[in-house]
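The same subunit A turns up in both complexes below, where it pairs with subunit B and then with subunit C.
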Partner chain A sequence: MLVNPDFVDEVKRSEEFNASACMNCGVCTAVCPMGIELLPRKLFRYVLLGIKDRVLENVETIYSCLLCRMCEANCPAKVRIAENVRTLRYYINKKVFKL
Partner chain B sequence: MSDRRIGVYICHCGGNISDYVDVERVREAVQNEPGVVVARTAMFTCSDATQQEIVQDIKERNLDGLVVASCSPKLHLFTFRNAARRAGLNPYQYTQVNIREQCSWTHTDDRDGATEKAIRLIRAGIARTILTEPLEPIIIDTVPKVLVAGGGIAGLRAAIGMADIGISVFLIEKSPAVGGWIGRLEKMYPHGRNGRQLIDKLVDEVKKRENITLFTNAELVEKSGNIGDFNVKIRVSGQGDKKDDITANVGSIIIATGFDSYQPGAGEYGYGIDGVITLPEFKELLDSSDGIPARNGKAIKDVVYIYCVGSRQQPDRENPNLYCSRYCCNAAVHASLLLAEKNPKSHQYHLFRDVRTYGRYELLYSQSREAGSTYLRFGEDDPPAVERCSGGKIKVTVKDLLTFGEEVEIKADIVVLVTGMVPRKNGELVDVLKLPVGRDRFFNEIHPKLRPVETVVDGVFICGACQGPKNSAESVASALAAVTQSASILKKGYVELDPLMASVNPQLCDWCDECVKVCPYSAIEKGEEQGKEVARINKTGCKGCGGCVPVCPREAIDLKGYTDAQIKSMIDGFLKETF
Partner chain C sequence: MPLPTGETIGILTDNLRIRNSVLPISAKKAAGWAKSLDLPKGGETILYTGLMYQLIPYIAAMSKAQEKIEDSWLAGFIKIGRYLNKAINISAFMAVPSKNMRAAYNQILVDIVRLLRRAGVGFGYLYGEELYSGALVYDLGMDDVFEAHARKVYHLFKKYGVKKVITVDPHSTNMLKSVYPSFIKEYDLEVKSYLEVLAERNLEPENKLGMEVVIHDSCVYARAEGVLSEPRTLLAKAGIIVKEPADAGKFTFCCGGPAESLFPKKAAANAGKRVEQIKKAAKNGVTMCPVCFVNLQKAAGGEVFLKDISSYLAEAYCAKNSIV
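Our next item is the complex of A and B:
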C-alpha cells in the first residue's frame, strides 16, 4: 500500500485531527459498545500514514460510530477520538459525498 | 618440625563451605601440622567478631603466621592482611586458602572428596606460610602530571578537571584540531546547545590554564614505567614528513579517544543510491542549511529514517555489533525535530525496531510525533527494502507491525540510515598501552558498576565513547570520574605496590639475558653488582608473573612470596597422605 504524504495534510487542514499520541494499546477497541474493530486505532493509523484507500474502503464503518466517547474517556494517551472521527467525517462529506 | 607459630582459621561461610566440606574434620586433620599452634573454625571468618578473635590470638599466642581457609583472595585477601597488620603481624605472612570457589562450590556432589581436597589445600597453605618472611610494600612517589589522549569533549573536560586540581596535563590530539564529533555539530539534543560553541568554550578554558600543554597531530608511541611514574613518548607530526618526538614523565594516563560512526557497506539498506545517507551526513546537511534543507537543488520534504543500522546486529553475521549504540534514537528523533522546524511541510517516517529514547529524552519522542513524525515498526528478521525509483525518489517498502503487519510503501526524497557507534581503529594505542579490549572491541573497564573508569593496567583510565556508546553528557560524566580516580592516586603522592616480585641472586646470576627475553613487561635490565654484570629487576615494572623464574639456567631468580622452596613445600603439603 502506497503512503500518500499529502493525505494527512488534507485531513489535518482544520488542525483538529490529532492522533499522533496514540500508542496502539487497543483500549478503545475493547470498550467500543458497537464492537467496531477498525475504530479508532486502525483507522487513525491509516490516516497518519496516508493510506487513503483503506480509509475510503471503510466509509460506512466511520459513520456507524455513535460518538459516545466511551473510548475517549478510557484512552490513556488522551487522544481526542470523537473529534478526530468528526474531522474525518467532515473530510469525507466534502471529498467523497461532495456535500 | 618447624618453630613457627601459625594460626589456622577454617570458615563455614554460613554453609557455603560447610554444607559440602566437613570443616570439623578438616580442623582435626590440620591442627597437628608442623608449626600450627591454633586451629579454629568459624561461621563467618570475615565477621568483626572473628577478626577480633584472630587479632587476639595473634597477640596473646604470639603468632608469626596466619592461614585463613575461606573464599577467594579476590574477596578478602586485604581484609585478613589488614587484620594481621592490626595485630602487629606482617601482612605478607598471611596466606589465604580458597576452599569455597575452588572446593566446596565445585564439588557439591562429593562431600568426602571435597573435605579431603580442603585438607590438602590447607596443608599447602600452611607449608607456604612456614617459609614466609616479612615483606613491606614498595612505595613509589607519584609524578603530579597526567597524559590525556584524545581531545574530544571527554578529553578536553578531563584535562580541565585535572588542571584545576593542580596537576599538570599533557593533552594530545591525533587530528589537526580538538573537538571530536561534538566540534562538528550545531544544535544538539536535548537542550539545543550548539556543539561547536561548547567546544570553543572548553578550548578557551584550556587556553586559560598554564598547566595544560596541548599537542595536536600528536600520538602516544611509547610507554614504560608503572602507575605513578610512567615515561611516555609523544610523536608530533609537523609539515610534510617532519616528526618530533617529545618525552614526558607522568603519573597517570587518561584515554578519551572516542568512537567512529558505523560505515554501511555498499547496498546495505540501499547505501550507495543517491539520496541514501548516514545520520552524521544528514545532521551536517541540516546544520549547513539556513532555510529549507535541500538536496540537488530540491527541497527535502519526505524523509524515511531506518534505525539501528550497524547496531544490534544479528548474532549470526560476521563480527556482529550486538550492542545498542544508545545515542542514535535520540539523535535521529532530534534531527527530525530540526527538519520539522526548518520545513514545516515535511513528512517524516521513522522505521524503527524499538524506540530507545530513554529517560528524559522520551520528551523528544513525544515532541517529534506532535510535530508530525510517524513511527513504523519493523521486525528484526524483516528489514525494510530500499530501491531507486522514478522521479528521483527512493522507494522504501516495509512491513509495519503497528499497522497490523501490512506492507507499506513510502516514496522518499532522502533515506537516513541511523548509523551507530563503532570503536575507532586505534591498534597502535592498544599495543603501546596493552589496553584491554572487550568483545565489542571498545576499551574495557575493570568493573562496569564499581570501577567503571579503571582498566587492568594500573594508572591507565578510560572515559567517553572509547569505552562504549555514550552521549556527550555521559561522556563528560565519565571523564570527571576518570579525573577523580586519577587525582586520588596523584594527590596522595605515592602508590604502594605489592612486593611479590622477582629478585635476582647476584652471586648466581652470570647475565646470560635469558630472562630478559621472556619478561612481558620489559622489567629486566642489565645491572652491576661488585663489578659483575647481573640482571636487575625494575621494581616498578615487575608484575610478579614469574615468567623469568623457570627460564634462568642458574636458578638465580626467585619470586618473593612464592619462592621455589615455598612452591616445593606446598607440593609436599598437597601430597601428604595421612588423613
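Our next item is the complex of A and C:
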C-alpha cells in the first residue's frame, strides 16, 4: 500500500478541509440516508493518512453523496462533511478526470 | 450501466460554460410562464427563478425516455459524445416534456407571483436573460467553472441595477445567499426566499383550508439556510394542520434528488424510503423544492398526494384566479 504524507496537502484547498476533526464515532454512517459506510470517516482518514489508492478506488461513493448534510447535523465534532466531499470531488475532477 | 462519471460531469460543465445552463432550454421556454403577468423587466427588487421549475419537466422527459435502458437522462449526451455536445446543443433534440407537466410547473411560478402581489411586494423579472445559478456544477465540485458562472450571474444583476433578490427554490437561494458571497468578494445583494418574504408580511388568508398535510423539508432550506419556521407558519395560518414525518425539520430525510444526474437508481431508492415515512403521517404532502417535488412524486405512485407549497398557499391566501 502506497502511503503519501503529502496527499492531504495536495487535496485540501484551505483550512476548510477539516477532516482531522473527525473522532471516528460513526454517527454519520448511522444517519446517512444513502447508507454510505465509507464517507466521511474512512475516506477522510485515507486522505489524512495519504492512502491515495483507497481514495481513488471509491470514486463512486464520493459522487453518490447527496450533500444533504444529515451527517453534519448530527456530527459531534462539527466536521464540514459536505464541503470536504466537494473538496475530494474537485481534486478527482482535476487529477483523475482531467476536467 | 452507471454513467461514466467524469464524462458526465464534463458535459454538464461544458453546457454551463458554453450555454449558461446544465440543460439549456430556449429563453422563450424559460420565460414563457410569465407571459401574461406584466412584470417589469429588471428593477431594484427582482424575482429570480433560477430556472429550476422550468427545467424539471425537460429533465423528467429525458429521464423517462432513458428509463427503458435504466440510465440517467444524461446518457443521451454521453452516447453522442462530449465532443459533439460542445459544437451542437444536443438537448435541443432530446425528449419533449409533457404539456401538462410544463403547465403544472409554470403554474407554481405564477402562484408565487400571485402570493407576492397579494403581500404587496413589488418586483421585476429578467425574463429570457435570467441565468441558472450553477448549483449542480457547484455540487459536483467544478469550482472554477462555477465561479466564472457565478460572476456572470452577478454582473447581470448589476447591469439591471438589482439590489434585492427574491428566490423561489432552496438550491438557488443557497447559491445566491451563501455560496456566491464566498466566491465574489464584492457581492452585495440581499437575498431572501419568497417564503421568508411572505412570512415577514403577516398575510391573512382568504380561505382556511382545514386539512392535514405532511411537511417534507428541503435539506438545503432546513440545514443550510435555516428556513424552517416560515413554511410552517404560513401553512398553519392557511388553516393547515402540519404533520411532521419521521426525520423532520433540521433532521429532514433527503429526497435523493441530488443523486439523479449520476446515479438515478440510488435517487429513486432514497425517494422510496422517504415516501414510506411521509405516508405514515398523512395522505397529503407538501414540498418546497422542485427537485424534492419531482423525485418524491415519482416515488409516491399515487399513494401520497403531493403539492408544492405555493399551490396550498395560493389557494388559501389569494382570491380565486387573481393574478394581481
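Brief remarks on what is shown
Following the convention adopted for this analysis, the second predicted complex is superposed on the first by the 96 of 99 C-alpha atoms of A that agree within 3 Å, B and C clash if a C-alpha of one lies under 4 Å from a C-alpha of the other, contacts with A are read in each partner's own complex, and residues count from 1 in each chain.
Keep in mind that, in the parts below, contacts are C-beta pairs under 8 Å (C-beta built on N, C-alpha and C of every residue); 3 or more make two chains touch, one makes a residue touch a chain.
Since this is a predicted model, take the numbers as computed values, not measurements.
After overlaying the two complexes on the shared chain, residue contacts for A:Val59 are found with subunit C alone; subunit B is out of touch. Within the superposed three-chain model, A:Ser20 lies in touch with subunit B and out of touch with subunit C [touch as defined at top]. Touch criterion met: A:Leu2 reaches subunit B, while subunit C stays clear of it. In the superposition on chain A, A:Glu72 contacts subunit C only, with no contact to subunit B.
By the touch criterion stated above, A:Lys42 is placed in contact with subunit B alone, subunit C being left untouched. Set against each other, subunit B and subunit C differ in how many residues of subunit A they touch, and the higher count belongs to C. In the superposition on chain A, A:Pro33 makes contact with subunit C only, not with subunit B. Within the complex, the subunit B residues that touch subunit A are 301-302, 347, 349, 366, 369-370, 372-374, 376, 400, 402-404, 406-411. Remark: subunit C residues 2, 5-6, 9-10, 13, 138-143, 219, 223-224, 250-254, 256-259, 262-263, 266, 270, 273-274 touch subunit A in the complex. Contact residues of subunit A toward subunit C in the complex are 31, 33-34, 59-60, 63-64, 66-70, 72-74, 86-93, 96-99.
Within the complex, the subunit A residues that touch subunit B are 1-3, 5, 8, 18, 20-21, 24, 42, 45-46, 48-51.
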